[in-house]
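The two complexes that follow have subunit A in common; it is paired with subunit B in the first and with subunit C in the second.
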Partner chain A sequence: MEARIVKKGQLSELLDKLAQEYDLVAPVQEETLTFFRKVSGAKDVFLEYTNSDVSPKGCFLPQNEKTFNYTYTGDSLEIVKPGDEKKTVLFGARPCDARAITTLDPVFEGEKFGDEYYSSKRENTVIIGLSCSKVLSTCFCYAFDGGPCDGTGSDLLFTEIGDKYYVEVNTEKGKVLADKYSQIFSSQGADQLAKGKEEIAKKLAGEFVRKVDLTGVKELLDDNFELPFWNGDDYKKCIGCGTCTYVCPTCHCFDIFDHTIGDFNGARFRCWDSCMYPEYTLMAGGHNPRPTRKERVRNRFMHKLKYHLDRYNMVGCVGCGRCIRKCPVNIDITKIINDLKEVAQNA
Partner chain B sequence: MMGVIQQLREQAKKLLEEKKVDLVIGFGQGTELARTTPVFIDSPEGVSALTWGPFCANNLAKYLIDYKNAPGNVAVVVKGCDSRSVIRLLDDNQISRDKVVIIGVPCAGQLEWQKVAAEVKPGAGLKETADNGESFSVKTDAGDYSFNKKDYMLHRCLVCENPNPVISDITVGKELPVKNYEERFAEVSELEQMSTEEKSAYWDKQFSRCLRCYACRNVCSVCTCQVCVFDQMLPMWVSKRTNLSENTVFHITRAFHVAGRCVDCGECDRVCPMDIPLRKLNQLSPLGEFKPEDPEEFM
Partner chain C sequence: MPNPTALTPYPVTITKIVDETSDVKTFTVVFDDPEIMENFGNKPGQVCMLSVFGEGESTISITSAPTRGKFLEFTVKRVGRLTDVLHQMEVGQKFGVRGPYGNWFPFDIMKGKDLFFVGGGFALAPIRSLIDYALSDQYRSDYGKVEILYGSRSYDDLCFKSDLFERWPGLSNTAIYTTVDRGDENWKGRVGHVPGYVEEVAPSPENKFAIIAGPPIMIKFALPVMEKLGFKDEQIITTLEMRMKCCLGKCGRCNIGSKFVCVDGPVFSLAQLKNMPQEY
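Then we have the complex of A and B:
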């Protein structure tokens, strides 16, 4: 694998150049929070973050997306789709979030159901990952084969080593970008930093405090849709908000509806939706197959730990820990995994 | 706090053993040192899960609605602020007084778990907490810490005038001295000094961040409508689109709906994943006394 070096002093120059040529999306600080936003240059970028409060999945699946405008002229229906996606660079995605995008790919780019809106953004975006420098108490990416310096999903992965970034070139797309700015992405001496990166990865890997063991969990869920476990406290304490699903980097449910202006004009939108909401599964006739929080809470964890695996052979969680941090009542997926493991062992 | 925890467990055990209640809703240790999580205990053996301390920020009163049609009685552990919620639920006919046993615990304030977690060694286990007046001491298996209230406590607790529950059947722990705070509405007063344009810009900035996760509504003990207007599909009063216009409709409508009924428990503020200062919005006194002839600048 190829590697390059970017001097820390040259990062601003790189970001400014990227912002000129691309839509640059990068972490920014707003009051107490960190978001991924389109920025005009290095001056807006905030790099002292552990992870953003909302994941950067919105680059590919925005919370609000207009899919087309329509006009009914009396005898025909005119549909106008938005223009081509702009060339975009997503800078500073943490390894968990970059990996999360690879769990969305098979959903939106499957053979059966390709999603042009997602695909065009995906094709036109270069993902520059940024290795973590700190492990939070809520982090557990290691449980899904991820890691604080893991390059899965990143076209380029930056790892901070002293006054330099060690840059791993993981894809052709990443190589094209690095070659384009070859004055900044230097090849000289890059290989010598590989060991330094490994050391950092090893050090950070030792900082995880959450023990997460998935042994037997999938098999248990395969055989048991109904488990007494789901009658426990977790659903009772759930307040049914959508926080966990909206901050999650792998949740991808959406709703589609039309916004009509007058009688003949309008636009079709798709917006994030949450399986935690009662109306998510509400049928036209009034029946709701997930009538209470119990079924909804179960669904969320079944999706993460079973359904996504069944469909795409990937766990639907990357261990970013956002849902743990943000849940108002401390519903904790790592506890649920460990509890399920215990149920499996005692079965 | 060990004494309080012990008494709490004894009282809960007694209630369950004597079949005075079928369920006790209280605080249990969470998955982070500085967090508790609601626990639902239905057997005397389960009471060891109960805990108490400066990490019990959640308002458990709203869970009473989930059990209003359950056959047995329910006990709930409340702080001063939460007890106001119980009164609200009673006044709104959401629960009946004879089905609820209120276990009140005088509360010296609640710490923000994220701030504490940032200081404590990750993965440390909690041993004991104690109130030292100006600060809380937190003993862990990775060392002892002290957190002064001024910097680490939830904002709402800094101006709390009800450290003791205002309604309870059983009180556990010593009653605390009550203080009045002239600065209780200081943040609102600051806001009121702003011009209409400044206020508008301020709230626009806050509302534009809203994800519309509805955590503020769902946690609120005043929000008890069977079908919320924002969940209605036909007609869809507010679109699922998150933009300033839709978000503002949501927040202002909710603020008006809770005006005059809000008990200032501050839970909306605590649970907001986007740190929107919702307590400040709901404290805006004019909302509680809205008159049609009011000048429009009051917002």
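Then we have the complex of A and C:
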């Protein structure tokens, strides 16, 4: 694997250059929260974050996205699609979030049908990952084979070592970008830093607080849809707010709706939706296959721990810990995993 | 060529509207672009997303068989906002269609077999495409006897009356059984529920597929009857409904366990359903 070095002092210059040539999406601070937003340059970028409050999945699946405009009179119909995507650089995705994007790929690009909106953004975006320098008490990426310095999903992965960033070039797309700014991405001495990165990764791996053990969980869920466990306290606590799905980097459900402007014009949008809402599965005739929070909570965890694996051979969780941090009633996926493991052991 | 991967619908024009019952209409439509109509390639059992601009989209099964001509028929019950607007539309007006989506009835595996259709109420709509496919001049010789047992609450609630009483009865090696829950002055036929009539007709399971669609209560009572008659789970085929938004296996909501009804269904055998969570 190729590697480069970027001096910390040159990061601002790089970000300013990227913002000039691309749509640059990077972490920004808004009040006390961190989001990924389009920025005008290095001055907007906030780097003192451990993980953003909402994941950068919106780069590829925006929270609200216009799919087309229409003019419809009843007797005539015209549909106009938006233009091509702009070249974009996503800077500062943490390894869990970059990995999460790879779990969205088979949903939007695999199987039978593609998704032109997702794919054109994906093709036109270079992902620059940024290794973690701290592990939060809610982090558990290691449980899903991730890590604080894992490069999966990142075209380039930056790891902070002293006054430099060690940059791994993971893809051709990343290489093209690094070559384009070769005065900033220096090849000299990069190989010697590889060991430094390994040491950081090792140190951080020892800092995880949460012990998560998936042994036997998938097998248990494969054989048991109905488990007394799901009747326990977890679903009773749930208030169905949907925050977990909103902040989740691997949740991909969306709604489609029309917004009419005036008599004849309008636009169709898709926006994030949540399996925690009763309307999500409610049919026009009144039947609802998941009528209570019990079924909805079960569906969310089954999706993360089983369904996504069944369908795409990829885990549906990357261990970012956002749903644990943000849940207003402290529903904790790591507790659910460990409880299920115990159920499996006692079965 | 239609691009079924896109979320963009294609304009269609309504060429005919039939009032099936007081709240069910069948819309015949053709694509404005003749090339899309020509290459649409729908198979019996598949569905489309219908766009009613201002209201959004809804998943509706294609009621017509591709063998009947270059048009699509959608039989729509007025149950919500979108279908309410659709029911106010007139011949000549336009809406949007994308598709075709989902799997189809296993008409290849069914070759050489007899087909026994059981329909209840409005749910004859999704299986009518297969009935007409099997009864078409082109494919009639591929299938044995075709029997259709269909019932609804009253005579007024029977859909596809011209098919039931004019078009289908004259065809060879075909039998039509109709029943209504409540008789009235318009009805001279049998009175009683569908499952009881199935028991009375007592189709032999030998070399036969049963295709069942109806309200959950009808299915609930019809399945034990089929079982008693000796039908195996693999011989019983049905089609499911779910709320859908994309119909491409991405928006998430139509899952039953790891399966998405929009791409893995809507057609399932009873054997398949028994291996899936009872969450539909």
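The rule is short, and it goes like this: the second predicted complex is superposed on the first by the 340 of 347 C-alpha atoms of A that agree within 3 Å, B and C clash if a C-alpha of one lies under 4 Å from a C-alpha of the other, contacts with A are read in each partner's own complex, and residues count from 1 in each chain.
We take it that a contact is a pair of C-beta atoms (placed from the backbone, for glycine too) under 8 Å apart; a residue touches a chain by one contact, two chains touch by 3 or more.
Every value quoted in this text rests on a predicted model; they were computed, and no experiment measured them.
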For this session: Examine A:136 and indicate which partner it touches, taking first as subunit B and second as subunit C; both and neither are also allowed.
Result: first
Exercise. Which of the two partners, first being subunit B and second being subunit C, lies in contact with A:67: first, second, both, or neither?
Worked result: second
Exercise. What is the contact status of A:237 with respect to subunit B (first) and subunit C (second): first, second, both, or neither?
Worked result: first
For this session: Could you look at A:1 and tell me whether it touches subunit B, subunit C, both or neither (first, second, both, neither)?
Result: neither
For this session: Would you check which partner chain A:273 touches, where first means subunit B only, second means subunit C only, and both and neither mean what they say?
Result: both
Exercise. Regarding the shared-chain residue A:334, is it in contact with subunit B (first), subunit C (second), both, or neither?
Worked result: first
Exercise. When the two structures are overlaid on chain A, which partner does A:207 contact: first (subunit B), second (subunit C), both, or neither?
Worked result: first
Exercise. Looking at the overlay, what does A:290 touch: subunit B (first), subunit C (second), both, or neither?
Worked result: second
Problem set entry | Touched partner set for A:257, first subunit B, second subunit C, both or neither | both
Seminar exercise, completed: In subunit A, both subunit B and subunit C touch residues 255, 257, 273, 282
Problem set entry | Parts of subunit A lying in touch with subunit C, wherever the complex brings them together | 67-68, 70, 72, 74-77, 79, 81, 107-108, 111-117, 225, 252-258, 260, 266, 268, 270, 273, 275, 280-285, 287, 289-290, 295, 299, 302-303, 306-307, 310-311
For this session: Flag every residue of subunit B that touches subunit A in the complex, lowest number first.
Result: 30-32, 35-40, 58, 62-63, 66, 114, 117, 122-123, 209, 211-215, 217-219, 231, 233, 236, 239-243, 267, 270-271, 273-275
For this session: Enumerate the contact residues on subunit A facing subunit B in the complex.
Result: 30-33, 53-54, 63-64, 135-138, 207, 209-210, 233, 236-237, 239-243, 246-247, 255, 257, 259, 269, 271-274, 277-279, 282, 324-326, 328-332, 334-335
For this session: Over in the complex, which subunit C residues touch subunit A? Could you list them?
Result: 4-9, 11, 51, 53-58, 77, 79-80, 82-83, 89, 92-96, 216, 241-243, 245-246, 248-258, 263, 277-280
